[in-house]
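Letters are used for the chains, namely A, B, C and D, taken in the order the chains are written, and counting of residues starts over at 1 for each.
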Amino acid sequence: MKKLINDPKNVVTEAVAGFAAAHPDLVRVSEDPLFIVRQDAPVAGKVGIVSGGGSGHEPLHGGFVGPGMLHAAVPGPVFTSPTPDPILAATKAVDGGAGVLHIVKNYTGDVLNFETAADLAAADGVEVRSVVVNDDVAVKDSLYTAGRRGVAGTVLVEKIAGAAAERGDSLDQVAAIAERVIGQVRSMGVALTPSVVPHAGEPSFTLEDDEIEIGIGIHGEPGRERIKLEPADAIADRMLEPIVQDLPFASGDKVLLMVNGMGGTPQVELYILFRRAAESLAEQGIDVERSLVGNFTTSLEMQGASITVLKLDDEMAALWDAPVNTAALRWGM
Amino acid sequence: MKKLINDPKNVVTEAVAGFAAAHPDLVRVSEDPLFIVRQDAPVAGKVGIVSGGGSGHEPLHGGFVGPGMLHAAVPGPVFTSPTPDPILAATKAVDGGAGVLHIVKNYTGDVLNFETAADLAAADGVEVRSVVVNDDVAVKDSLYTAGRRGVAGTVLVEKIAGAAAERGDSLDQVAAIAERVIGQVRSMGVALTPSVVPHAGEPSFTLEDDEIEIGIGIHGEPGRERIKLEPADAIADRMLEPIVQDLPFASGDKVLLMVNGMGGTPQVELYILFRRAAESLAEQGIDVERSLVGNFTTSLEMQGASITVLKLDDEMAALWDAPVNTAALRWGM
Amino acid sequence: MGLDGAWARAWLETSAAVVAEHRVELITLDRAIGDGDHGENLDRGFQAALAKAGDLAPDTTPADVLKLIATTLISTVGGAAGPLFGTAYLKAAGAVAGSDDLDADAVVTLLTAARDGIVLRGKAEPGDKTMIDAWTPAVDAAAAARDAGAGPAAVLVAAAAAAEGGAIATDPLVARKGRASYLGERAIGHRDPGAASTALLLRAAADVAGER
Amino acid sequence: MGLDGAWARAWLETSAAVVAEHRVELITLDRAIGDGDHGENLDRGFQAALAKAGDLAPDTTPADVLKLIATTLISTVGGAAGPLFGTAYLKAAGAVAGSDDLDADAVVTLLTAARDGIVLRGKAEPGDKTMIDAWTPAVDAAAAARDAGAGPAAVLVAAAAAAEGGAIATDPLVARKGRASYLGERAIGHRDPGAASTALLLRAAADVAGER
C-alpha cells in the first residue's frame, strides 16, 4: 500500500486541517468534535443543512460546504460513519432558528448515528428533519438487504436542498424537495480496481486483471455481477439500463446526467462514458438538460465510475442552476 | 491494463466528443482537425489564447476553455504533441483581430509543432506570440537537457493570461504577463505509481511496492531520485525545498500554493500534502494568499501529486481572482 | 455470591485486551463481507472506555461500568457497531441499575436487555447474519442455565459458548442486514464480524466471572 | 542508372511496412527512456503517407514523394519526431527538386539536407543521443562511399549500415535532448528510439534501391 499520508490514524484530521487551510474563506473547522462548517454559520432565519458519513469519498461531503449547498459536513473515520457527538455539535452550529435538515446516505451506521444525533438535538430544542438517500439501483432486492445504498446522487440532493434553504424555504419545504430529488434520482457504479483503507492496508476486495465489478458500492461493497472487462460503451449501457428501467425514465423526460469518477479514473475515461450515456439517453428520447462530470463521490483511489440520472422538473432545474460556492462545486458566484 | 475505453485509437476523439456533449454552453469542438474552442470564439477585439499538447493531462487543456481563460485547446494523441494543422486551425478560429497567444509547455514536440503552426499562422496574416512554460524544478541541469518541463504551473499561466486577455490587454501585454507568471512559478512532482498509455498497454516505468519517484514529469519522465516511501510530510518537504530555493522564494513573499493530483490520488492525500506545504511556507514567513487543490494537470491514472508555488504581485492576484467560467475552474460567473 | 462492580470493571479491561488482540482478525472478517473496519472501530471504542475506567468510583456498580462503556462506544465507535453495541450496553445498564450483586437471574436480565436493545435499533431477525445470531443463542443458553440452577458465572459460561456457536453458525448464511447483505450468495462461507466480536466479549465476561 | 520516382515510391511503401513491423519495438525503446509513443506516432504517419501515395502522378519525381511524406508526417505524427522527420523529408525534397535520376552525389545531397534540417529544428549535436546520432554517421558514410566511386544504391547501403552502427552507439550515451535527457545516467544502456527508426528507414531506402 503506497499512500501520501503520515500516521494512518491521522488521515482524516490532517486532511480536514489541510482543507481548512486551503479554504479559509469558505469554511471553519471544529477539531473536537470534528466537523466542517460554513464560515458564516449559523445563517439566521434559514434552514441549516448537515450531511456526513465515513471519510474517503471526498469531495463528498466537506467539498460541498458553502453558500448554496451544505451548512456543515461531519466526516467520520475512513469508510466509518461518524458518531452522534460531532453530528449533534454540527447540527447546533448551523441552527439559525429555522431548523436543520440531515441528509443521510442509507447505510446502517449512518442512519443509526444520525438518528441518535437527531434525538439528542431535539432534546436540546433544535428542530431536525432527516432524509435518507438511496439511489443505488445495483441493490435489487431491498427487502432482503439493508436497502439501497446512498451513492453519488447524494451530491444532487445536497445541491438542490441547499439552494432551497438558501432561497428561504421552510424546513418542511426543504425536506420535501430533498425527498423529491431522492424519489427521482438513480445511480449505478462499476469498479476496475479496489480501494485500500489506510488502517487496513490491504484492498477490500480483489479483481483479476481482466475482471470488473458491476454495481459496486462506494466502500467497495460488491455489486450485481463480476464480469470480464468490456468496451466502455458496453459498460455504460450495462449501468444505464437498470437506471432507466428502475424509475422508470421515459421518452420526453428531461434529466441531469452525472458521470462520477471513483477517485482513480482519468478524466478521459469519464468523458468517454458520458459520451455513450448521453447518446443512449438521446436514443431513448430522454433529454439531457444538465450535466456533471468529475470526481464527486469517490472511494479513495478506486478505479471506476458511476452514472447517475435525475429526472428534472422546472423547479429542480432552477435550484440546480442557483448560485453555489463550495470547494468542489461552484457557479454563479 | 484495465481502462474504461473502447478502441485505444479512439480515446481522445471519444473523450473530446463527450466533453463537447457535457459542456455545450461553454465549448464547440472541431473534429477534423481536432480542437476545442470557446462557444463564442472569436471574441472581437480581444487577444485569443490557445494552448495544447498531448492528451492524458485532463482537465488540462480542454477543461480550461471558456470565458476568462483559454479560447481554444488543441489535444494531441495521448502524451503526444498535436501536429501543426489543428494548432493552426484553432489559432485562426480564435483570432478576433487582436492577435493570438500560444501557451506552450516546454517539450521538444510541443515547442516544434507550435513553432510550425505559428509560422503558418503568420504567413496567413495572424499575429502570434508564444510563451513557453517551464516550471518544473526537478530538471536541474537544463543546459544538459531539453530544459525544464512545463507542468502544473501551466494552469496558473493560462488563468492569469486569460484574465488579461479578457480585460482587453494587447497581445504584447498578455504575453508579458504570461512571461511574468512563468518567471515566478515553480513546481515539483512525485509519483507512487506509473500511468499506462492506452495504446502502449503497459506502464511507462515500474516502481517497487515501497518506492516512489521524486521529481516525476507529467508523462512519467523520471525525476531526481527514487526513494523509499516516506510519510507525506517528509515528501511535501522534499518537493517544496527545491521549489523555494530555486526562485528563490523569501520571507515576506505572497504566494499562490497549488497541490495538484496526478489523476489517481484520493483528495484526502492532496489535502494532507497541502497542510504540510502551507505550514512549511508559513514557517518560512511566506504568505499563502491563494490556494488551489485538486486534479488539474494529470498523468492519466498515475498516483502522485505535485506542488506549485507562484509568487504573486497585486496585479497577478487580481487577474487570478477575475471571473472565469470553464469546465474545471469556475468562479465569479 | 453474585457479580459486582469489580467484575464489571474487569470485564471492561479484559474486553479491551481481547478486542485489541483480535483487532486484525475482526478487520479481516469485515474486509471479506463488509468494509474492513470492525476491528479498528471496536478497538478504538474499548481503548477509549478503558482510558475512562479510572474515573469510576471505587465502589462502582455494574450499571455504572456498563453505562460508561455504552456512552463511550456511542461517542467513539461510529459505523453500525457503535450505536448497536452502545445501545446494548446502555439497555443492559438500565436493566441492572442499582444492584451491586448480580445473581444468575440478573445476568439473564442484563443479556436479554442488551439483545433487545440491538434488535430495537437494528431490526435484525435471527438468521440475518448479524451480531444478533450470537446474542440470541447466548440469551437462550443463559436462561436455560439459570433454569437449571447455574450461578451467575456459569450462566455467562453458557452464554459465551452459545455465542461462539452462534457466530460459527453465521458462516453458511446469506446476510439480510448490514453491508454484508449486498453480497447476496457471496457472503456464504464467511463469519459475521459482529457475531464474532460478540462471542469474544461474552467469553471475556465469563472468564473474569470465573476468576473470582 | 540513378534512382527515380518509382524508387522513392517503393521507399515509402517499404518504410510504411518496416515501421508497422517494428512498431512495438520502437514503442518499447521509447517506453524505456521516453514516453512510449515513438512507434505509434511513426506508424500513424507512414500509414497516412501510404494512403496518400495513390494521389501521386505516375511520373512522380523523388522530390514529389519526399514532399508528400514530409507534409503527411508533419500533419499526422506530432510529438518531437513529427516535425523533425517532417523537416528532414522536406529539406531532402528541396535538395533534389526537379531531378528524376538521382546519382550518388544527389543521394548524398539528399541525406545531408535531411540531417541539416533536423539539426536546424532540434539543435541536437552528435553524441546528444538523438536521431542525429544515426543521421550524421549515415551522411558521412554516404559521402565516403560516393568519394570512393560507389553508385547511388551502394551509397545508401553504406548510409544504412552507418545509421545502424550509429543507433547502436547511442546505447552507452547520456541524452542531452528530448525526453530521455531527463533520465540523466539512467538513459545509459538504452537505445535512442529516433536513432533506431532512422536506421530502419535508411535500411529500407537501401533495400529498395538494391532491388532495382
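Please note the rule applied: contacts are C-beta pairs under 8 Å (C-beta built on N, C-alpha and C of every residue); 3 or more make two chains touch, one makes a residue touch a chain.
Predicted, not measured: the structure shown is a model, and the values here were computed from it.
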Count of contact steps on the shortest path from chain B to chain C: 2
Chain whose mean Cα position lies farthest from chain A: D
Chain C-chain D separation of Cα centroids, rounded to whole Å: 76
Geometric centre distance via CA averages, chain C-chain A, whole Å: 33
Centroid spacing, where centroids are CA-atom means, of chain A and chain D in whole angstrom: 55
Set of chain C residues in contact with two or more other chains: none
Overlap residues in chain A, where contacts from two or more other chains coincide: 78
Topology of the chain contact graph, where touching chains are joined (line, ring, star, complete, other): line
Touching pairs among all chains present in the structure: A-B, A-C, B-D
Of chain A, residues touching chain B in the complex: 2-7, 11-12, 14-19, 21-23, 55-56, 58-59, 63, 78, 190, 192-193, 195, 209-210, 212, 229, 231-233, 235, 259, 263-276, 278-279, 288, 291, 293, 295, 298, 300-301, 303-305, 325, 327, 330-333
Residues of chain B that touch chain D when the two form their complex: 54, 76-85, 107-109, 112-113, 115-116, 138-139, 144-146, 149, 197, 199-200, 202, 204-205, 217, 219-223
Chain A partner contacts - residues on chain C that touch it in the complex: 27, 31, 34-37, 40-41, 44, 74-84, 121-122, 174-179, 181-183, 186
